[in-house]
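Per-chain numbering from 1; labels A, B, C and D assigned in written order.
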Amino acid sequence: MVGGGEGAFIGEVHRWAARLDGEIELVCGAFSRDAENTARTGQSLGLSASRCYSDYNTMMQAEAALPESERMEFVAIVTPNHVHFPVAKAALEAGFHVLSDKPATLNLDEAKALREIVAKSPTLAYGLTHTYLGYPLVGEARAIVDAGGIGKVRKVFVEYIQGWLATEVDNKQADWRTDPARSGGSGCMGDIGTHAHNLAEFVTGKRMTHLAADLSIFVDGRRLDDDGSALFRMEDGVKGTLSASQVCVGNENSLSIRVYGETGGLEWRQEEPNTLIRTHLDRPTEILRASQGYLSEGAQGGFRTPAGHPEGYLEAFANVYRDFAKALRSEGGVTTGIDGAVRGMAFVDALLKSSNNNSEWTEIES
Amino acid sequence: MVGGGEGAFIGEVHRWAARLDGEIELVCGAFSRDAENTARTGQSLGLSASRCYSDYNTMMQAEAALPESERMEFVAIVTPNHVHFPVAKAALEAGFHVLSDKPATLNLDEAKALREIVAKSPTLAYGLTHTYLGYPLVGEARAIVDAGGIGKVRKVFVEYIQGWLATEVDNKQADWRTDPARSGGSGCMGDIGTHAHNLAEFVTGKRMTHLAADLSIFVDGRRLDDDGSALFRMEDGVKGTLSASQVCVGNENSLSIRVYGETGGLEWRQEEPNTLIRTHLDRPTEILRASQGYLSEGAQGGFRTPAGHPEGYLEAFANVYRDFAKALRSEGGVTTGIDGAVRGMAFVDALLKSSNNNSEWTEIES
Amino acid sequence: MVGGGEGAFIGEVHRWAARLDGEIELVCGAFSRDAENTARTGQSLGLSASRCYSDYNTMMQAEAALPESERMEFVAIVTPNHVHFPVAKAALEAGFHVLSDKPATLNLDEAKALREIVAKSPTLAYGLTHTYLGYPLVGEARAIVDAGGIGKVRKVFVEYIQGWLATEVDNKQADWRTDPARSGGSGCMGDIGTHAHNLAEFVTGKRMTHLAADLSIFVDGRRLDDDGSALFRMEDGVKGTLSASQVCVGNENSLSIRVYGETGGLEWRQEEPNTLIRTHLDRPTEILRASQGYLSEGAQGGFRTPAGHPEGYLEAFANVYRDFAKALRSEGGVTTGIDGAVRGMAFVDALLKSSNNNSEWTEIES
Amino acid sequence: MVGGGEGAFIGEVHRWAARLDGEIELVCGAFSRDAENTARTGQSLGLSASRCYSDYNTMMQAEAALPESERMEFVAIVTPNHVHFPVAKAALEAGFHVLSDKPATLNLDEAKALREIVAKSPTLAYGLTHTYLGYPLVGEARAIVDAGGIGKVRKVFVEYIQGWLATEVDNKQADWRTDPARSGGSGCMGDIGTHAHNLAEFVTGKRMTHLAADLSIFVDGRRLDDDGSALFRMEDGVKGTLSASQVCVGNENSLSIRVYGETGGLEWRQEEPNTLIRTHLDRPTEILRASQGYLSEGAQGGFRTPAGHPEGYLEAFANVYRDFAKALRSEGGVTTGIDGAVRGMAFVDALLKSSNNNSEWTEIES
């Protein structure tokens, strides 16, 4: 693991997720640029001091030198955004698979560079932890769309709304997320808008091709967008709206998607992830629920407990790790790989261009 | 009443609304271009045959000729859109107050012409039945915003989503709503998008100044938009998104608004109109409920029954009639009058221009 | 109308309900024991002073003496409970139909006496305004049960929970409801528990035969139950629980029923009356909604507006009046008549006996 | 671990819960009476074959003989109910702490015997996995009650409703749960009613003292109750109702509690465990949400992720394990220990007595 020292949030989440199923063991880490933080973090996690590395380059070299049976199999990247690319590059070049937190890189150029690096290492897996695709009912939504369950898709509403940055916030999490040097050219959209984009493309199975965006900075003194909305178009005539905000007071982590086709619709909300609403022409709306026998086989495989025993964010995250472990065993593919990584950065790139250009319709590179 | 013969929907709604409080009596009508329909409708409503008129011009003349104590006081216009303007004109010019269904006219030019006619008759009231402002908790939302309860407003999400036109629909209601000659230049936006616009302006107390819109026709063969979304800007830096659709399968009449300011937020949904959600910085979200003593005096005056006895669409509509009756007694003003009428048509006009111009930001005339 | 003068609540509700459909006209009244109150009330309702009567006996005689074309057709009783019986008796004996607020009488003996009086006047209709049966989705629930849609019924949960009497309340409504002389032997159960009983019997189509009850007085100084729960048994092996309370802080008017059979279930809540939840073995739960075409014909006939335009308490009450008007035109029967009236009082009688007898199982007279 | 071989449900849940925080390591097990199942289970969990024991007695002896640094610290019991007592006895007598699935024993006599055994080993911890107390918002509810936040408690509604046994079910989980020899004298009440009882006592801080119960067997051929309801009384005048059922079609795992006091109320539902509703006299109802800063310190300590990242059943279960680990480190006490264990069995004992005795009020031994 690179990143995830004391005071970090997402590193601990990755560790819970990796640990849950008992398939993945944390064996080494470069948890912080602060060596003492790394040492304390490693100790509290039961690692031997010798595998708590002062920096990620040292880690790559030292681990690569270990016998294959001992050395780490893959690197989990849980740093602020600007470090994602260099660590991924170093890991892949040292021969390690990579599972990276999102967004993949600081900007689109880096993402394309990363794509070339990945292309050079066909035996290595690259995965991006788009956690929300780990919810089995998101997979069920996609399965229903794929099976024609809502007919040809017409309209998508996707949102990711939070409120925690409605005022000036002074903590480590807020700090780097609002710093262009560490977050990239976008704040809110890079941080959470990318999840909304990823979710919309996944559920519909369509690529977003164009957007017209209006990004905002509502809190005085902030340097990156803390809110934004966009009109978008996808392949095959699908249209939609996407909003992301971190200044909507009282919203916690309200990612939601509604997709409507010619004969039906689907609605899913991350904060009640065990329910999927399905609408029909001329028939009552149905409430699809986690772990029920009427779900597709794929969705059922994503649950750990019987119906009515709520599974949440950590279980979804654990599914991302479990899927990555399966990919390493060649039992499946990563859900979001380098293509999704590049697409996410292209999305952010297009948002910035459009918003800076009077919301002009802008093509998303693919 | 002009319009509202057998087979019409909204005329019956107006009659229920007018009747509920026992303050308004239907005394005459020109219910249909079909004289037999008018006669049957009038008879079933207990009107004397002599006051069931073959057309609205006849009605204006005949009623104006009656002694003041007998003649109608105001005209309710419940026809398809293209007849709103000529009837309103005729009524005002004959000296009658007008309460018109929305949209006020077929297009912005007519609305401006109507504004001039209204201006010439300062003693006559002109009201537009924007029903949804009749819900008392909508008034409560406005009262909270006015009192600074959510701080300076930043972001608005407003939607009006239906599904009943997801397929080709063959009935009288669908027919005129999708006919440019009777509906005006817009279908969905003119019919329901105008309610969303009206609601957003009312709750925030701000005028919408610019929009960038993307209107769609999803059902083959349809001639007017059945879906659309827009980015918008309001006075004082407020931004937002507005969507209206009639092709989102499974949605009934899902008008909703969410407004976020610097220190709080408000959420209201027409399909659960007796609940208003209020969010805060650092405090639990509150559920404000109809008829409760903690509501503002204004909101409390809008309810007829104690808390927990749901009031709905007809009661909201009756409030619009009650407010109009009060205005006629000089006890208050109409909620949406000629200014709101013009603004609604300017909104539709701007939508059409923007959508036809590659979603370019377009100013809304005011 | 007898009762319903200034300061009363339910009289005004009756008037709105009677007025809504334009089929019923209020022609006379004895609104209060206070003649001035009666005069003021009648005047504000547009009645001629000559038909505002000082007391109900005077009204019966005077109206009976009018020509048939002028005299009232039926009497609506909206007084406190203790006056229900004498007015109903006087009206029936004077040859008028009766629509009475519930409970029918002060106690079971009176109810049986009333049954005899009704039996002597086979041409006169007697109806009880069990408002909540006026919600069309309650009728839909019954229709589903009747059609075998949930299989043989097994278990019922029915509740009517309010909070407005959680503290000592000093107003006219609270006053008579907590006075044994005016309310009868039970407070909360007579006032709202009877609705729960009526709803359970209606939806299941089964009679409640036995109960074991525990009634409580939680507020110091109160003389009648303000809370209670009971286990019950119905015909054909159905079991259930019934709770009613007026001291559950924060509850408004939370009447709800859940019924489970061998193959499905139904859930309905008065505060969201336009939704009926239907559960199935091995299939997703369905959300049945007001005014939808998939509902039974009977239910569809109970709505006035299209789906998504919420109808509420007044519309349900108006349906009770409309059904009574139909019964007077011999187009149908009353939903709750004298049998239901007696059953409601027998239910209260059994509750009191059981609760006073250490919650012993007690038979409900039928 | 004793129990939890292939085909079992709850053993896997215990393993996830124990693993999540990285504080507890599974070192040995007697997973099944079938030695091959035990071997396969152990292997899949990465245990050495030498610590996969043929039976629990062998395990106790072998582990006790290991050096302290190597041997297991405590035994997790995840067998069907009838084996809980003998394993707990063997473990305690061999000097091991015990964390047992519930109910603690097959009947009240065994529970009392277990209490004596625990009393003889004051240095050993005994804990019962009442999972639902592991939800932090359940702790918040208790904290609010303790702080007087709802005033003196008056009324409790507690339910645990499922539907999975609505028909004859033929699987391993259903099999032992409906077998008196393995489940004890009660089916549904022993399995899930005990959770409802435990929750009611925990949230109110009051002991349930008396109950009047009506248990049912709805499915033909079943030998133990699959449904039941009870009226109950607690210390200090609290009254309530408790229902548990496994035949309510469409219900998944619907444990819920509503508690009302003199000045407020609390409502919590297991299927939406991250929300706690709080009601007030004369103020809007509040929605308390997981991980928010306004919660009590104790509740905040129970969450792993920020607000809006739903935590569920496994996290609650992990909290039970974490609390047990803390207890072993003398940093706290077990949430439900031997007293709660005995009380749970006394509750079931009283239910059976009352139900067999015409629902007579029956004292719960304490």
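Keep in mind that, in the parts below, a contact is a pair of C-beta atoms (placed from the backbone, for glycine too) under 8 Å apart; a residue touches a chain by one contact, two chains touch by 3 or more.
Note that the coordinates shown come from a computational prediction; the quantities given were computed from them, not determined experimentally.
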Chain D against chain C, contact positions shared by both copies (same if over half, else different): same
Chain whose Cα centroid lies at the greatest distance from that of chain A: C
More contacts between chains, A-B or A-D: A-B
Rounded Å distance between chain A and chain C, as computed from the means of their C-alpha atoms: 55
Distance between the centres, which are taken as Cα means, of chain B and chain A, whole angstrom: 42
Whole-Å gap separating chain A and chain D, where each centre is the average of the chain's CA atoms: 35
Touching two or more other chains - residues of chain B: 251, 285, 289
Residue ranges of chain D touching chain C (in the complex, touch as defined): 150, 154-155, 157, 163, 166-167, 212, 214, 216, 218, 227, 229-231, 239-241, 243, 245, 247-251, 258, 260-265, 279-281, 285, 358-361
Chain C - residues contacting chain B, complex: 9, 12-13, 15-16, 19-22, 45-46, 162, 164, 251-254, 270-274, 289, 304-315
Residue ranges of chain C in contact with chain A within the complex: 278, 282-289, 292-294
